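Next come two complexes, and both contain chain A; in the first it sits with chain B, in the second with chain C.
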Partner chain A sequence: MTSRLRIWLTFYRRLASAYPHEFRMRYGEDLDRLGEDAIPDVWRRYGVAGLVKLLADIAFRLPAMYLLEIRQDVVYALRMLAKSPGFTAVAMLSVGLGIGMCCAVLAECRAIVGPAPGLRDPATLATFFWSQASYPYFERYRDARQTVASAAAVMGPVPFAVVVTGDKSGRAERVSGHLVSPEYFTTLGVTPAAGRGFGPETEKPGMAPVVVVSDRFWRTHLGADPHAVGRTLRLNGSMATIVGVGPKDFLGIWPQSPADLFVPVTCGVSLAPELSGDPLHRSDREIFRVVFRLAHGVTLPAAEAALDALTRNIDRETGAWHNRDRQGRVIRLMPAGTVGYATPEQHALVDTFNVVLWALVLSLVCANLAGLLLARGSQRRREIAIRLSVGASRVRLVRQFLTESVLLSFAGGLAGIVLAYWITHVLSSLPLPSQIPLEFNCHIDLHVLAITLAIALAAGIGFGLAPALASTRTDIGVTLKKGAQAPLRGYRRFGLRNLFVVGQMAASLMLLLVTWFVALAFLSAARVDTGIEVANLNMVSLDPVRDGYSAERAAALFTNLPEELSRIDGVRAVALTGSALPSHGDSTRVSAPAANGKVGQVLNLVSRERIGANYFATLGIPLVGGREFDLRDRERDGPAILSQTAARALFGVEDPIGRRIRERDSNYTVVGVSRDMRAGLLIARPVATVFLPLTPEWFGKNAAQRVTVLVRGMPGWDTMASVRDRMASLHSDLTVFDEHTMQEDLDRVNSLAQWTSAMYVILGFFALLLASIGLGAVTAYAVVRRRKEIGIRMALGARARQVRGLVLREGTALVAVGSALGLSGAFALARVFSVYSDVLARSFGNRHNNPLLLVGAPLVLAGLAMLACYLPARRATKIDPMSALREE
Partner chain B sequence: MSEKAEVWQGTLALMVLKTLETLGPLHGYGIARRIEQTSGDLLIVNYGTLYPALLRLEQEGYIVSEWGVSENHRKARFYRLTRAGRKRVEQAAREWDRTASIMGRFLAPAKDAL
Partner chain C sequence: MTDKDPRDFLPLHQNWFHILLSLVGAEQHGYGIMQEVLDRTNGAVRIWPATLYGTLQRLIGDGLIEESDERPVAELDDARRRYYKLTKFGRKVLDLECERLQEMLRMVQKKRRQEAYE
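Up next is the complex of A and B:
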């Protein structure tokens, strides 16, 4: 052969040597021969083109041969997986369940922190954090076109006494609505389903009153009348024309307090008593919440800075600083457009919990996979040795195991995706607690799905492959003889088998405990624990101005009411309050002037409640110091009561009783200190609160506020019936509404949080299931592998009971060790989490949670493990020892 | 080379079997050359698919192979038809005849169609 042809032959040989190992073992030489024979011949007949074609043929065939091998791998893998259905089922279930749960935990569930329906692009909406503005200020904000594309002022929820014209009974119904500036609908991006919205041109002072009704109101009160636009309603005694019907599902800017009626602020004071005193032109009536639609490309911090500067400018111009703290920011922004008025802290807290739970569940899945796959892999050493000895290449074997692991993981992953979608579908169709009149949309965050899948797949593949990689390096001869019982490095007694059980128990217990800790932490954080004694405590609300009372008459009513009511038999205590609790409350600024050479303290963001005499006694909350408000308080500087947090912040360790404080423009003397009441959902720290008295002067200025009467009755008496009768006889023209018990009130607030917590508890149970599956499988597997040993023992004369006892004893020891490790691991992990988050820390330290969990969880898992020990052992002792001896 | 046709994948196996039936045991290259000659050099055997075809036929039991010495005194693997292979060839030949006549009827000018 000429040297030129030899080059071609070299190429040919290179290509041929790339063929799969098994093919080469059989036909390798033959292929080489073919080349040696064919090349000169082809060259003679077809020249270079022919040689190129020859090489191309060989080269193109190469991938096909590998694909063929892969197909064989897959078929083999499926057969192997089908041969151990229990293992396959458990592994797939673990992965599937885990992925499903992880995705469900981090699913984008739209509840309080989700966007409100019906709004366009809620992400660009913002509002002031905990403060309100006056109308003239709002108008200046609205015109800051650089920062703000549009803005709207909202007062609400505002109650309207509504009479639908044509309604035979003519009785007024109390419906909640919003008083809005004309830019409301355009700012929110809401297009009415019928008629029109409001606009600056169409809504001017002095024009006939108009109203836009919600879709819900249109259905329930107007009977879905197609000619609703143009009809009239009597609102608070004045006629208003319906000009539009809102789109479906739209219930105002914060649907957690749904609004069914939208009335422009230009409607006049006869329609809306809240507009008395001309708040539209006064800078000191800060009663409007402002919603901004941020200009394109403007971020929240940038907008906050711009609006802050603007506010300072206006303050300087008007000369009135509205007791704003001139240091730092005078206003703060937070995102609007959510279902509820959720602060960024609440957002962050929910997010933290979710991420932590997600990580825990994923770890549990990986631990399960590790246990299962490693245990199984170590058992296949004999098979690997055999295959190696008949000529399989290591690469091929590893590829085989890889195929198996990939198949298993992917199948589990697929099941997980299906489960995740199903769970979110089920969640979406659950009804929310009744107060939230919305649909609950839950769908999977695809990023989360991708990450979870990637991690689970990596775990499955990694743990499946590791034993294979290790096994291909074993000593074939020894392994062939002894099979799975071949000694590994390490002392035989603490063999791998036992290690797996202990490891699985420890990991499962640890992760389970911490998952439950976190879930319970959320539970306790979400519960509003006010400390109020709720038995026999009732509430009823009055709104005399809307019933036609004058301000003076209303003031007189309220001054005398508590005494009138406490004379009723069966009434133990009565108190008035201006705010139903827990409420958003009003936020105000309180300062303590300097005294005794100390610097005065200023507290911003103090929650303010208006209460009457006897309030704390009626609620059953003892005062920490000082006294309650008294009807006879007529001091020049009215009395005030501070919560503990407020007192500590203002006066430190000094006694606050008798000290002076200043709130807004008034001075007060501190007469009492109350215990802290947790005021809101997921708020970790108690809020500083100042309690100011309900005085006749206040009634005069704030006649449009509703007043709630708290009545503590005696057990066994139908107190409220007596109260209603007395009210009817004394003040027959007064509408008494919204009667409910304090328990119902708290439930109302707690309902959403409890519903969310229920989700976490369900998650906890799923975690228990996951842990149980993993632990049960590994333990049962470990026992099954002892069949040969059991067979030997029985053949040598041991009785079934003795053998079972042996297995159970060993099992108990393993479970005990595992539990100990798991508990200490859980504590360590809890410590780590506590450093990371306050709320978690408080829950972990919470004494009365722990005993049940600390004892219950290990018991459950241990019980399961013992069962998983016992059943296979029992089955093993029943079979014929000879067949047990023969099997591997 | 353009007027020569590639051997279709499925028929290669059949040609191999037929060649072995006619000529007796052959080694790989010999089979390929023989196929090309039988077609009057109108076919080109794709050497890449030859050995996979041989592998398949061996797996299916139609041929067996053993080591022998080739014409140029080198060791080569010779392939031989088995009885099952012989039956397969006969069956396949019958099938081809039938197919060819059916297709011929379709493709020929319609004499009795109307």
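Up next is the complex of A and C:
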């Protein structure tokens, strides 16, 4: 052979040597020999072209050979998995349920703070955090083109008395709507399904009133009339032409308080009494919410800084400078375009809980996989030794194990995706247990799905690889003789098996407990905790101005009404209030001036409530200190009541009674301190609240506000019927609306939170299921592996009862150790979470001292582990000792 | 491999057919098979080494051929070579393929005769 041919032969051999190990074991030498024979022959016949073809053939076949091996691995792995159906089922169930529930439940919880339906690109919408602006300010914001692409002013929810023309009954119905600036639809990116939206050209003061109705209103009130555009509605007694019908699902910017009518602010006072007092030109009437569409590339903090600077400028120009506190930001921004008014804090809360719970459930899945794969790997050393001794390479065996793990994770992942889609489908089709007319647009978050799947795969690979690497290092001779009982490096014979049980118990318990801590913490954060005595507490709303009352007449009505109503038989107490439950719809800024050498304090974002005399007595909430408003306080705008949180923030440990505070441009004296009421959803901290008296002056200034009358009756009396009769006889021209009980009101507020909480409870139970599956499987596996030992004991004369007792005793010891480790681990983990997450730290509170949980969870798991010990042990004692001995 | 139906392998892949044909009546090693195919087809069909051994592996896996225990006389033997022979099943598959090819040939000839007659 010439030296040139030798070079070709070297290439050939190099390529041939890269063929898979098992192929080379059989055909390697043959292939080399064939090359030596063929190369001179090919050179003679075809020259260089032939040699190139020869090398190309061997090079191109190389990947095919490896693919063939992988196919064999997969087929073998499927056979092995089919041979131990119990293991396969538990592993698949574990991964499948984990992924399915994680994706589905978290998608469901996310849906509550998720984007509102019908809006274009909701992520770039923003609004002021708990505060409102005046229309002239809004116009300046709208024109700040570098920061905002567009902006809209919204007042709402605003009630309209609606009569559909052509309706024979002619009865007016109250329908909720929004008074909006002409930019409303373009800013939200909403295109009406029929007709047009509003625009600065079409909506000018003095033009004929127009209205856009929601798709829901169009269906329920207009009979889905295809010619609805052009029809007229009587709104608050004035005629308005329908110019558009909104798209499906669109119920305004905040579907949590849905709007069915959209009326431009140019409609005039006769149609919307809210617009009395010329709010479109007065910068002291801060009654509009502003929705911004941020300009391209502008972040929320950047927009906040720019709008804050702009607000200060306008303040200076208008002279409003002195009325504002100049420390910190004068305005704050938060994202808009979510289903509810989700504050950044609420977003953070839901996100934190979701991420933590997701990680915990995923850890449970990984712990299960780890336990199962490690336990199984340790039992397969005999099989591995046989394969090594007949020439399998280590790499090949490791790959074999990996294939099995990946197959398992993948099959589990697929099952999980199917489950997740099924759960979200079922949940989406359930009617929402809430009066909020909202449909969940529940989709599985593909990011969550991808990450979950990737982690499950990584866990499968990692925990599949560890036993493979350990097992392929064993001494073949010893392993062949002793099978699974051969010592693995570093562990005693019983040590390894027991370690799995202890480890699984500890991991399961720890993760289960922390999952429940987190779930319970969420429940406590989500629950509205008002402390109100709800029994026999009813409410009705009045809106005298909309019924044609003058401001003076309305003020007189409210002055006398509590007295009139409390004379009715069966009525124990009556109080007036601006809103039934303290809500965070209206926020203000309260400051305590410096006094007695103390530095003054300023409190931003204080919830402001207007309440009448006897409010707290009617609700059944005792005051912490001082007195509440009484009839005398109506005469002057002087006293105020603070919630405990507000009092503490303003005055620290000092007694706040008698101290002066300033709210906007008025001064008040603190006369009482109330207990904190938590009336908002998902609020980890109580909101600082200031209660101001409902005075005739206030009625005069805010004529368009409705007032709610709280009536506490005596048990057994139909108080509300008497109230209705008395109202009808005294004020026949007054419409009494929105009559319901406090219980109904609380249920409405709670319904969304309950829905979310139910999801977390489901997740908690599901975590228990996962922990049980993993623990049960590993424990049962450990006992099943003792069949030979049990056989020997039985053969030597041990009784079945003794053997079962032995297994259970050992099991108890292991479970006890595991429980102790798990409990300490849970506390440690909770502490770690608390350190890293402020939200969790606040929410945990006393939750992880819940005795039911701390005793219940270990008991359930321990009981299950004992059952998993007992059942296989009982079966093992029933079989013939000889067959157990022969098994391996 | 007797549980397989020999018809499942039809029509045989060209390489399979040539390898099986080379093993009829004689055991052969890889190079021998390669050479015989080359000679029989006057150089038209050349089965390259990697393809050859890939195919041999498949044929063994499917039970059409097997390794032979018999070795040639010592002076002609090369210890590195393996010899292969047809199994009964492989023979059956080859026979069926030959019948199929003959049947096709007959069809072609009949058609030609008809053409000539017309």
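Quick note on the criterion: the second predicted complex is superposed on the first by the 787 of 888 C-alpha atoms of A that agree within 3 Å, B and C clash if a C-alpha of one lies under 4 Å from a C-alpha of the other, contacts with A are read in each partner's own complex, and residues count from 1 in each chain.
Operating definition for what follows: contacts are C-beta pairs under 8 Å (C-beta built on N, C-alpha and C of every residue); 3 or more make two chains touch, one makes a residue touch a chain.
Bear in mind the structure is a predicted one, so any value in this text is a computation, not a measurement.
By the touch criterion defined above, A:282 reaches neither chain B nor chain C.
With both structures placed on the common chain, the touch criterion links A:49 to chain B but leaves chain C unconnected. Of the two partner chains placed by the overlay, chain B and chain C both lie in contact with A:34. Taken together, the two complexes place residues 23, 26-27, 29-31, 33-34, 37-38, 41, 53-54, 57-58, 60-62, 64-65 of chain A in contact with chain B and also with chain C. Put simply, chain C touches chain A in their complex at residues 29-31, 34-35, 43, 48-54, 56-57, 78, 80-82.
Within the complex, the chain B residues that touch chain A are 1, 27-29, 32-33, 44, 46-52, 54-55, 70, 72, 74-77. Listing the residues of chain A that touch chain B in their complex gives 23, 26-27, 29-31, 33-34, 36-38, 41, 46, 49-50, 53-54, 56-62, 64-65, 68. By the touch criterion given at the top, residues 16, 23, 26-27, 29-35, 37-38, 41, 45, 53-54, 57-58, 60-62, 64-65 of chain A touch chain C in their complex.
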